[in-house]
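Letters A, B, C and D name the chains as they come in the text, with residue numbers starting at 1 for each one.
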């Protein structure tokens, strides 16, 4: 099988697994009181070149929901992209963790929140003394369309959000791919652009199960330990998440893995773009390639053991909708074999 | 002051108050175990010409949220109009009562959910085994724009909703005004059109504080007593809500009051429509008149003791937005004085 | 029927109803923006002789739960009597409103929280960085046993609670009966003794449906409007609750009504105490009489149209349990007829 | 350091780590759609010798709370030991996951729920139509005192619970140690004794982070996938939990590890019991040794690098409380060195 289903179908990168194995000795304090956890947190601070508060959990949904609960009261509104993971794919976890906050979807273009739509949403959001309170804005970086917000774009959203004093969350499930793709430092795309708290994903890029909630605004993290515990997200043997983070950050492995994944997506994208019956709705900026293809090509690929997911979050344009097209997402990984990409391209040439 | 702020600024209709006074004797079972409550429930059954389960609470928000919690699990999605009261004006009560269900706003036109938008929302709603579950549709009757869904329009929404087996809720805060305005029986606009549970409002139309949750689908009400109690909505001296319902329904008072309110809105609407600097974006079908006017006229009216609310839930069209217009809502009641309407019209003639 | 089931089976006191009727004129701002609501709040401030923040709702459960949610985070613990209303009779409303706080029952004697038990509960409450946080103490005044905490007793509980910096809530569903029974000012039993927030009940003592959440610690009320709205407890026609409060407080009606109710309970208690087959486990201090009687007497009374509730919240002592006794609660009201009490006593004499 | 702080300070057992490493190849379906997960579930079915539904999560708190949420509605009551982990040490997670269920602590002796106390709690639990509903009973096996419920004891609790049709949950954080200690099959201590759902712990006994929610009553698991997702507990790379379960169960490793841990606790217990200034309040049945010692001995041990936790969940008897004693818990693991135990004993001999 040639597997483009997701980056999470892939294995753990060897240096990360090595750190886990390395960590497996002695007894250490549980619940994060150990040295490895301390080290992992310090490494994260160095990566972002500022003092941060960070907390480690097993899933991206937990990281997002804990982040949002830290910046949104139960009577608050979270603004987010209408195609965002927190809105569509987390089974109401953000509402649950925040004790019933409201999600307010804002229209996106190429995966990015449209400025004017956010302005309008804020302008018409109720603001009487009994009304829900506009509280936070969540930005996906990279976006759900596999595109990247430039630093200025984040700053612009932040400026709009300032009109209601929104706190800013960044869903960085594929943040590594963003940093790898741009000539920017992590800090430039986060706290320097106004981000208060982020979900720093690593699982999709080569760890086993390790996501960090990172507070750049450290005033917001007072309750996070308690939120973690009451949601069952405080791991007793924390050292084994921390060791993953260490392996991930050490020697810039995370950038290396992400560059490798991005490069393969790029290769795939460029090759697919040559076929006139394949339409790429969005530019390939990270490790995801979205294509609109005739339904027959989808069947052909799947019959030839090429696996990928149908993309159902966004409606096709009218023309594709009518003409029996399929919307597919192909995801690459550091572990994707370049030869497989060539095989797929050859396969399509024979279609 | 000439007061068009809302129907809830008005007094209790005399026959309703009379029933309250009448109920104030003897000792009776508390928490709804009394005869008046039994009678009120039977009268409601007769009004809707079917066997129903009904529950009485003090506010419309409670009625809506208890209704929605009965048809939506914590991992469910509630589809609703993007301008709906439950989405914009209940401070996350629906999310709270349902233990974190998601609200999914669907675009409206003239206050009515656009069929194609609902179809698209359902089509692209996730449906994997871990995804939130499309659960319910909430319809406002009358709409937030003061317009009325025709019976066929409700049936059409119900048919679309059937594709995901959604349960149907009707927010009937101004249902009386709808029935008064149409040549239809209550049943035709509710259970015969597919409604499972409704919030039957009476407070805006002449009672003190009495809203009914009505289950046409009586399989859905098993937990309602418990939901009421745990949300603090079970009144000990229930007879005093029940007596309001009795006074409201007796001799079709509710229809009479609503007709009176509608008539005045109609009069106001027709007169305002004559001025070429006043734009009515929506047809006046119940007791609400929406107007777009030059900002100067708003100031003029307010300086002359005419009170009404600015309508902020919906953005103005570009032209009005640019040209310094105000969007106002004027609400009439059975208790509105027709002379006041004439005074306002004369006032505007002198503008 | 001679009705001792509860104080909430009784009618509204005439002066309260009169204020409701009086309030039924003109249009006024909704949601509490009216003059009557302002006046009612000022009258409450005068009664308690301090600046307070107050909020009016329809039920005691709402008042308790809104109070507790204001002083207990979702990861907090509420200490309360093991027989308290909030623990046993509110269908998890305190847990719901507080977004999942824990209730920690502390043993009581004669309805009062036992000092040593509270001390032990606080001493052994977890206190690590991931543990739930000891947050608040709820005291019922009068107690569930119809007894009264003396001022010193409240102060003593407050002192114990200070070891964990607990905020203090008072459930004053029958607070009027307490004030009427003691030679104390309202302030002496509340904020002067350390109470931060109280549920000030009026419904059981002669209003229709009016309970006040009163913040003596006004720093705690910032979110209360929003908590009210999201729980559906913000009444649009607030003037009709406010007018009840006004009628209730004007001319010390509340004290008069409560004295009347207490007096009848006292009369009943003294008479019942004469029978050697009737055991009164607790002193009658307010308007509730608790008796342990042979099962045959319970049947006899009920066959003779005397109504009262079986008291099931607390286990009988072993001896009564064995010997087929019943535990009954008889509640009197301002509206209870003294002749009925004599009739019941005569009835029992013929038993 | 000689480390008796907890079993979760220890490393992963080598065969478990080996399975993780073995699993790290190829691409596989995420979110549990892989073969390893299928295999792990089948192995669990075999261990319990019946058809089960099982779900894998990262923490014991998540497993407990997901279990309880499956058998307790938001208006329900969960009965549990007054010293239970779910009541005292999960920061309100059970309340949170169940959307506000109430926990009702029942007194224990030697860690075990006292029959008469449970009977009384059920007898006096409210049961009117508006009252919270007695829903479930949670039993810790082994108990918080390191003792074991015999099969008959579980059955007896089940019989009492049947009076209110409670569903039964078992918190099996140290279930392996129980099975290792007794001459019983897993099924005899669970579904054959009436358990509906259990938290099957493995983390404390040699895995990295792997807990299973096991439904013996498979009618109760319909919503578990959704509850997992909305609480952020669905791991994308599930194979790495599943591989831990496989390594844990294969060749009865779990029993072997637990026997080893138990044996060391037994050795420690027997040796400590010889000192007349050391009191063991409870029999050592699994891998936990509880001791009451003079405060000076605690200091002496800690100064000699012996680590253990103070046990604060339960009050000492009066005599120890007065006389400046400390209550300590010492936990052993498969990984505990027997020599360390001898060292500690020698150390105490020199005290």
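The rule we apply is simple: a contact is a pair of C-beta atoms (placed from the backbone, for glycine too) under 8 Å apart; a residue touches a chain by one contact, two chains touch by 3 or more.
Here the structure is a predicted model, which is why all the values come from computation and not from measurement.
Colleague: Of the pairs A-B and B-C, which shows more C-beta pairs in contact?
Modeller: It is B-C, judged by the count of C-beta pairs in contact.
Colleague: Which chain has its C-alpha centre farthest away from the C-alpha centre of subunit D?
Modeller: B
Colleague: I'd like the Å distance between the centres of subunit B and subunit C, where a centre is the mean of that chain's Cα atoms.
Modeller: The answer is 35 Å.
Colleague: Please work out the Cα centroid separation of subunit A and subunit B, and write it as a whole number of Å.
Modeller: 40
Colleague: Can you pull out the residues of subunit B that are in contact with at least two other chains?
Modeller: In subunit B, 74-75, 91-92, 96, 99-100, 130-132, 226, 229-230, 234 touch at least two other chains.
Colleague: With touch defined as at the start, can you tell me which subunit B residues reach subunit C in the complex?
Modeller: Touching subunit C from subunit B are residues 1, 3, 5-6, 8-12, 17, 20-21, 24-30, 57-63, 65-66, 90-93, 96-97, 203-204, 208-209, 226, 229-237, 240, 335.
Colleague: Residue numbers of subunit C touching subunit A in their complex, please.
Modeller: Contacts found on subunit C: 31, 73-75, 99-100, 129-133, 223, 225-230, 234.
Colleague: Show me the residue ranges of subunit B that touch subunit A in the complex, using the header's touch definition.
Modeller: 74-76, 87-89, 91-92, 95-96, 99-103, 105, 120, 123-124, 126, 130-132, 312-315
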